[in-house]
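Have a look at the structure that comes next, please.
Which chain is which? They are A, B and C, in the order written, and residues in each are numbered from 1.
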Amino acid sequence: MTALSTRELADLVGGDLQGQGTRLIVDVAALNGACPEHLTFLDGAAAEGKPRTNAGAVFLAEKHRNALGPDSTADLIITPAPLDAFVKAMLHYRPVAATPTIGISPSARISPTATLGQDCHVFPGATIDEHVEIGDRCVIHPGAFIGAGCRIGDDVTIHANAVLYPKMLVGRRVIIHATAVIGADGFGFQFQNGQFVRIPHTGTVRIEDDVEVGAGTTIDRAMIGETVVGAGTKLDNQVMIGHNCRLGKHNAFASQVGLAGSVTTGDYVRCGGQVGVADHAHLGTGCSVGGKAGVHGIVPDGEDYHGYPAGPAKETYRIAMAVQKAPEMRKQLRVLEKQVQELQSRLAELDVLRVHTPAA
Amino acid sequence: MTALSTRELADLVGGDLQGQGTRLIVDVAALNGACPEHLTFLDGAAAEGKPRTNAGAVFLAEKHRNALGPDSTADLIITPAPLDAFVKAMLHYRPVAATPTIGISPSARISPTATLGQDCHVFPGATIDEHVEIGDRCVIHPGAFIGAGCRIGDDVTIHANAVLYPKMLVGRRVIIHATAVIGADGFGFQFQNGQFVRIPHTGTVRIEDDVEVGAGTTIDRAMIGETVVGAGTKLDNQVMIGHNCRLGKHNAFASQVGLAGSVTTGDYVRCGGQVGVADHAHLGTGCSVGGKAGVHGIVPDGEDYHGYPAGPAKETYRIAMAVQKAPEMRKQLRVLEKQVQELQSRLAELDVLRVHTPAA
Amino acid sequence: MTALSTRELADLVGGDLQGQGTRLIVDVAALNGACPEHLTFLDGAAAEGKPRTNAGAVFLAEKHRNALGPDSTADLIITPAPLDAFVKAMLHYRPVAATPTIGISPSARISPTATLGQDCHVFPGATIDEHVEIGDRCVIHPGAFIGAGCRIGDDVTIHANAVLYPKMLVGRRVIIHATAVIGADGFGFQFQNGQFVRIPHTGTVRIEDDVEVGAGTTIDRAMIGETVVGAGTKLDNQVMIGHNCRLGKHNAFASQVGLAGSVTTGDYVRCGGQVGVADHAHLGTGCSVGGKAGVHGIVPDGEDYHGYPAGPAKETYRIAMAVQKAPEMRKQLRVLEKQVQELQSRLAELDVLRVHTPAA
């Protein structure tokens, strides 16, 4: 965490320094919270908004060289990818916390039939049930519950009070955040004699490599077969994935998104917050769904859908704009009706007149 | 888990076999994931969609006898209720996990003043606080917390890390899934001297028999009296039930439904995902509310409501269709206004003309 | 919990008794659930709705003196603030549970490097990690996890299975309900070589004094700097506060509200249930946002916004009313088009006629 001069920061990220290079920078900070001893960065969005900052050093792109205006006294470091550079510098000032050294705590509850790989860390109060298999370098935090027969890959982190029901399948480098629940029974019942009778759910959930599951997110087990979350997919907090859903690779769902049962998605699908998707719907590869949208049926590959019911963004926008005018349209209609009536009665007069015209 | 011939499967469910009956079936599978050694089933929805399957045996209804097309090689087993039959067969291949044999774990935290019935199973790390009364054959999983004075009936299962605040009332055969929270203080405050001051919530929650509460679902305690979840009602994951709500019997709410305070419902009410219900609203017996709908006031018995604000489905649909045309309507209005102006000016000419007509 | 006469109740709250004053009241109850031995109260909302009650005593405002109708036999106690009076009486009948006497449980997991103030109560199965600092009179319930380096003020209550990630800052008199999660990594990734790569989140969450965080609510840590929840702000259950949000003082958010990243709010902001707010939006001081609304950009100070997209309540209401008429408007348009065509053809005839009129 030693201080770096702006010259040293420029060298660290291979950036082009504009300024003395002698200022000493002791930490990173957000654009608006920064002091002269801080490094910050300017991304596209911020650059548009007449940004101001007291930071002593700023990473920014060539095209935003002048975005901070003439009276900025910061040393500028020009780099094609300011955020990437900033993350690199941040890791100099704030090294990621060293991996824990606790090892397997004697007050963790681990079944004798469970197997753990090399260099795992299991905290007090974590529970690992019968016949669980865990890979190398996994970290299981306090209160986490891993049900019987779960199989977990290498380098997985399971945070405090997260719950894996029995027989879940988890790939490598997966992060499961606090209180997330993987594998509760799907919401499937038969209606018999006036009552809902649970359909036994004997399926599972398969989470592929490099997935991140947010805090409070729930992923239900399949009735039979698997509910699948594809490799590299990131789920924010409080997301709900229903039974038998099959998500593709590298999806990104913002918080409070809800998928009903048997939804399928392609790869690189993005959903904004609070999106709802009806059962058996399909979100095509590369499509994106705007926040709060409600999807039925199919979103084609690469399309951008918005609204409720969701439709192509452009069309939805046109409709929303027109709807804003609905009260005005009603007025226009009333005026037109009056005018047309007038015209009709005046024409009627003329007709009467015609009849008495000798020329007729 | 012995293999069964398709003949034996037909006999097991009293179905009508169409095929050799000699194939050996080793497991159940979903329609699209099945291999020739698997049994699957065809329900109404799937039957419409030109279904294909590699399954060796298929349960289906008489009217779908030909749904799989000519080139299907599966043995068909005709039965009036394919799903019921399938569940029966599934339980042959995948018997429900035997009830646990752990008994009362010495490393569960159970108050000496708590009482448990016969044949209960309490896992390590579960907490049962003072004066709790628990019935027979209950299963309490690791990390579950049962607050002081809770009263719980027979055959209840409480999953890992679920939380019952003090004094909750839980009926028989209730299932509470992981991380569900029963009995947090309702969101009630008095605004005094510029601050929100909590209104003490001294009421409770009463969960009747055969209720299922999903993972991450929260049910708040009443200010006074009870928040009630009626017998047989099923709540999916991440559902929110506010203080003083009174749900009837056999309701079914999909995930992320939210009820504000003092909402009442009749029996057999169904809500789709992400439905929101304003405080003091009433959902009538047998009504259903479509996904993402927003309800104020009253939904009459038996009605099907959709949209936001929610209205009768048919009407909401008609409006939604018309709204799609709003941009076109604006165009039509502009055209009409122009046409009417033309007509007005042409009539004006005619009037002028009239004045000079001798006949006039 | 001794019984009080209605006379004694009137004296207790300084109210004006209308009735004998001799009835004995043994407990409080809700308006519709009350028996003759119960006290209840009538607030504005209930008073409008032809209220009925069997309560023996009712607190109500002067202007509602006759709201219960002639055949009510209750003793009435007139008081300017019926709810305040009711809460006062409720605390006589139902004293708030005495603070626990457990002290620091030996089976809580407390790091030797953690420091706790006077008169704290830490329950079995709670985890307090390294270098945590906790103030006086705090209560930490079973299964709660407090990560390394958290700093917590006086008189804080943390309920069962709540999770504080490392380095969180919590003020005084804060209540964190069961399974709430403070400080999970914000949903921030860089898209590199076809994959989402996590942006390290080295910031924290700062919760100011007198905040209440609902069950299942999640508040993400900032990438750098702080996610802030201002003093006196109350968050209901299942609320999501994204990374880098900065909430002002005395906000009140109903359940299932979701804020994306970097949202800012003024003071005294109210949000109804299931409101969604897009990233970088601002909710102005004293504004309110109606349930289910979707906010982009800025809600001005003191404004009341509704709908999706959210706009001023009055305007949104006018538009919603007009939209209800959309099908009718389409009909009107068709009629008008037909009428205008008729007019056009009849005028055409007249023109033809004109040509043959000698006078022309």
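We adopt the following convention: a residue touches a chain if its C-beta (ideal position, glycine included) is under 8 Å from a C-beta of that chain, and two chains touch if they have at least 3 such contacts.
Bear in mind the structure is a predicted one, so any value in this text is a computation, not a measurement.
Trainee: Walk from subunit A over to subunit C along touching chains and report the minimum step count.
Mentor: 1
Trainee: Since subunit B and subunit C are copies that touch, is their contact same (over half of the numbers shared) or different (under half)?
Mentor: different
Trainee: As a multiple of 5 degrees, what angle does the CA superposition of subunit A onto its copy subunit B give?
Mentor: So the copies are related by a turn of 120 degrees.
Trainee: With centres defined as the mean C-alpha position, give me the subunit B-subunit C separation in Å.
Mentor: 24
Trainee: Please list all residues of subunit C that touch 2 or more other chains.
Mentor: 125, 143, 161, 179, 216, 238, 256, 274, 308, 323, 326, 329, 333, 336, 340, 343, 347, 350, 357, 359
Trainee: Could you list, by residue number, the parts of subunit C that touch subunit B in their complex?
Mentor: 28-30, 33, 45, 83-84, 87, 90-91, 94, 96-97, 107, 123-125, 141-143, 159-161, 177-179, 210, 212, 214-216, 232, 234, 236-238, 250, 252, 254-256, 272-274, 291-292, 308, 320, 323-324, 326-327, 329-330, 333, 336-337, 340, 343-344, 347, 350-351, 354, 357, 359-360
Trainee: Quick check: in the complex, which residue numbers of subunit C touch subunit A?
Mentor: Its residues touching subunit A are 109, 125, 127, 143, 145, 147, 161, 163, 165-166, 179, 181, 184-185, 187, 189-190, 192, 194-196, 198-200, 202, 216, 218, 220, 222-225, 238, 240, 242, 244, 256, 258, 260, 274, 276, 278, 280, 294, 308-309, 318-319, 321-323, 325-326, 329, 332-333, 336, 339-340, 343, 346-347, 350, 353, 356-359.
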